[in-house]
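Look for chain A in each of the two complexes below; its partner is chain B in the first and chain C in the second.
Right after this comes the complex of A and B.
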């Protein structure tokens, strides 16, 4: 393609990306370096139906001038990044000095909100992604071998978990796994343990979230792989069959290499998706046992506190996390790319 | 001719009846607020006003949207219905206007104790009071010969007896969902043990104390008699458990008590067995382990004076004394409105007020403390760490966020 044509072709996308992705990210970065000005506090008398009382309040007149002068707030550099709510440098250093081995160090820092969230997020990402890839491929191979007339119906039903909104899906499952719900009760009977509760223990909550994550994500990998299977090189498979290769060998040596680009694609998408796991935590009311970076952002922004700087910092840390996570895959794709083509 | 007469009369009748409402406004009114029954009534009352558009967005997520919705100029919402917890965010961001002039002009029906004044300026108009108090099954207590608990220690003893009798497996209920609810239960218990959240008038935290340790331990003991999933149960889920007959004693919001067993499918046993009493004390203290709340409305700062006046008229109309003529409305809440006579459902909140329950502190940094407690306390409830560790975690988490927001 000529450079000129390419330029005009890419211009709308480029503009949209600049305005809707680059600019917002820059504004979030700026926000994360600033905090609100120090409040000037005064004591005033408040009266309500229960009586009058002297309480502390913010002197708005006094803070107004400061706010007008510097509307962005106070510049604090990387302070928020290093505070206890985020990277917690001070506490990490302290724990490092106080712990005898790596394991006790990890258990100590897993009490800090950011690391607690990272531990769950990484566990979730690195269990859901491979399981989902494997099962998705398995289903795609299975469906592909099905009778042509039944295929449509099977595909439709296999896609259902993805069609259900994640929040709705997790709320429905939340009630099903309740100790009085159909799944929860069944598990109690099966394990002959009337006190078994999936919601009360951290490890079982993690398992639940991971199972949900896999259930929700399989249709995506399945449908992509299924599409890939429609382009299989028939002659190669035929010659492999003539050479006496069994189904397993065909899959390993022909099918998987053939759809490798798709596997890379699905892995990339799912790493990103799973790293920002959020809805299941809300739907399963799991915040006591599992949090993620996205949940921290949501929690900081919501409610009465509205910690914008903290949320901005968590957002930047999430972006950095995703970049680190995707780096190996991106480097690999970059190397394999044939520039001469 | 006859037809004409009917028309004339009906028009006359319409004019008379509409002027009887005497609520006409000339600018838009837009409400944001919580969604429990009493607030639905207030929203509907404001909508009776004619002459301009009145819209209401009543949702449990109101705290997440009211600050943003009142920050723009002109503000999307001309009024926010808030409580003494949630007004703080609006005050901190300077989003609501003083109402003194409007009260003089249009507020003759308002009682003095309805007016929330801050530094001498009226900033909100309260219409109901709320507190958590005891809700219990009198049939079960009677059967086992247990007196109605007045302290949390008695509640624990009652729970032990009920479980031993086999009537209810997990007899204690409570809104112990990790986050806001759990933190509120801690606040109650902490105040009951005589704790105070901050050092003097400063923003320095003060929860890492003897009262804090005792409060946590009491909560842990209570949770042993709760459904094991208690960390996922908010007040809705706890009430559902009560309705299903799975809970026999609980600390519950007064605003939910009146309609608690009105839902479909509640057994007669639960319906007839439910009763309420005042809040409980703890650790031999006199102050109940509960917190007093008021709910009221505010008027946005960033709107025109016409809109502010219309909003004030519509919201005052919504809480006029005559709404209490309706029995259903009367029992929805403990109204602070002129002429309110307490219903049976109001006994708990009234007892709370009479026992000098501490009002929720209206401090600019109280929300940050509440949120820090909500985040850190579930580790202790699961037995993952000691009370001391949790309390020092709360203080650290609070300090980090208070520093960010410019309070310490």
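Right after this comes the complex of A and C.
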């Protein structure tokens, strides 16, 4: 395609992405280096018959003028990155010096809000992804053995957890695990503990969120793997059967290599999606026990205060995190893209 | 000997197939049950939906019968749709979804077509940029939107949110349409051009007609992205312009304190019904869309 034609075709989508993705990223970067101006204080001496007092008050006019002059605020460099709400360098140093081994160090820094969020986000990402890959593959292999009419029905119901709005899905499950809901009730009876509540402890909350994550993500791997199974090389399977390979051996040596590209694809998508975990934390009302990077940004942005600088810094750190996470895949795409001149 | 080994094989297959059947039905149950349960419970009063006395009340609706004389009541729905004016949120969602899908597809089809028909180096970089943008959580951009939107009084309105959602979803739309276009042989454009069409005409008269299945599938996913979004819409819409999902989140706060949890339950079920219908009609399209990106690897 000629450069000119290409330009006109790509222009609208390019403009949209430029103005609403590229520029906002730049703005976020700039904001993360600035903090709102401090109020300018003036000291006035008020004298009355009983003597003179110095009163310090906010000079509203001067503050306003400064804000108009420099709407971004005060340049602080990387200060926000290293403050207590983010990388917390000072506290980390202190904890490092005060702790005897790595484990106690980790438990100490996991109380810092940003590290707490990182720990949950990474735990969520790296537990949900393998579990959903494994269970999705099992279901795909199982469904493959069903007859056609039933398959349609199974796929219909299987799609529900994924298609339904994440916030709604998690709210629905949240109501069920409520101690007055059916699952919560059932668990109390099963463990013979009338006070059992999934919401009360941190570890149980994490488990609940991970179970939700797996429930939400299984349909994706199931559907993709199921589609991959439809293109299996039948002659290879047959010859393996003749050679006496059992189902397990066939799965390991023929089916898995055949769908390997799909496994890579699903892993990539899942890493991206699980890293941004957010809605279940709102839906399960779990922010006391589990926070994620996205939740921190949302929390800073919301409310009366709207701490834009803090949110911007968290955003940049999140983006850096996702780039590190996906670097291997990006390099692979770079190698495989076929450049034709 | 032959028979023997065959028999063993068959019996082991039977017991393993029982396990498989059990496993699959367990999954289908886990996938469907929460929705069926909540749908059923949405016609009950709170004392039945959250049953302290006896969980079977949630099925039979004992307290609902006592209060309203029938085990089914629309009080929750009435409260959500009429009293709390959930219909406004429904209209807002419809508007947002319609315009997001329409605009996304229009500009996405043009862009993806160009990307699929060009092999210059900048094509690769554009696709990689799109992939990086796709991988970023949308919430990370919101801090960049807020200052200019406040400054120019654009914050809180539906059109602003629609444009933002379109742009955020462009990377995904581009990749998906790109892979559909890759499946359409380039010879088709070439032959149209040989016959005297310009690239634009070849696109309009030859490529778009054969692309419809791909466009519809991509449209479904744009719809889902717009419909399901919470983080961006919650941040960018003012209270009166809220769409359904942020409205439900707002309900959660207010209804718990006011004891109107059933309003929230009814709203949740109402917001799920369109998705249910969508899967019913477009199941094969959704499946093909999910696998589309995968097939290309």
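Throughout what follows, the second predicted complex is superposed on the first by the 287 of 341 C-alpha atoms of A that agree within 3 Å, B and C clash if a C-alpha of one lies under 4 Å from a C-alpha of the other, contacts with A are read in each partner's own complex, and residues count from 1 in each chain.
Definition applied: a residue touches a chain if its C-beta (ideal position, glycine included) is under 8 Å from a C-beta of that chain, and two chains touch if they have at least 3 such contacts.
Treat the numbers as computed from the prediction; the structure is a model and nothing was measured.
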Q: May I ask you to name which of chain B and chain C touches more residues of chain A?
A: C
Q: Applying the touch criterion given at the start, work out whether A:258 contacts chain B, chain C, both or neither, answering first, second, both or neither.
A: neither
Q: Determine, under the contact definition given at the top, whether A:167 touches first (chain B), second (chain C), both, or neither.
A: second
Q) Now for A:38: first (chain B), second (chain C), both, or neither, which partner does it touch? A) first
Q: Return first, second, both or neither, reflecting whether A:56 touches chain B, chain C, both chains, or no partner chain.
A: first
Q. In the superposed arrangement, which partner chain does A:306 touch: chain B (first), chain C (second), both, or neither?
A. both
(Q) According to the stated criteria, A:151 is in contact with first (chain B), second (chain C), both, or neither; which is it? (A) neither
Q.
So in the superposed three-chain picture, is A:178 touching just chain B, just chain C, both, or none of them (first/second/both/neither)?
A. both
Q. Is A:13 contacted by the first partner chain B, the second partner chain C, both or neither?
A. second
Q: Take the contacts of chain A with chain B and those with chain C, and give the residues found in both.
A: 178, 285, 301-302, 306
Q | For the chain B and chain A complex, residues of the former touching the latter | A | 61, 63-64, 67, 84-86, 88-89, 91-92, 94, 113-120, 126, 129, 177-180, 201-203, 227-232, 292, 294, 336, 353, 359, 361-364, 367-368, 370-371, 375, 378-379, 381-382, 384-385, 389, 393, 396-397, 399-401, 403-407
(Q) With touch defined as at the start, can you tell me which chain A residues reach chain C in the complex? (A) 1-3, 5-6, 9-10, 12-14, 16-17, 19-21, 23-28, 31, 71, 135, 138-139, 141-143, 145-146, 152, 154-161, 163-169, 171-173, 175-176, 178, 180-182, 185-186, 215, 218-220, 223-224, 227-228, 247, 261-262, 264-266, 269, 272, 275-276, 278-279, 282, 285, 293-294, 297-298, 301-302, 306, 308, 311-312, 315-316, 318-319, 322-323, 326, 330, 333-334, 337-341
**Q.** Contact footprint of chain B on chain A as seen in their complex
**A.** 35-39, 41, 43-51, 53-58, 60, 74, 80, 83-85, 91, 111, 113, 174, 178-179, 195, 197, 199-200, 202, 284-289, 299, 301-307, 309-310
**Q.** For the chain C and chain A complex, residues of the former touching the latter
**A.** 16-17, 20-21, 23-24, 27-28, 30-32, 34-35, 37-38, 49-52, 55, 58, 106-108, 110-111, 113-115, 117-121, 124, 126-137, 139-148, 163-164, 166-168, 170-171, 174, 199-200, 203, 224, 227-228, 230-231, 234-235, 245, 248-249, 252, 264-265, 268, 271-272, 275-276, 278-280, 283, 286-287, 290-291, 293-295, 297
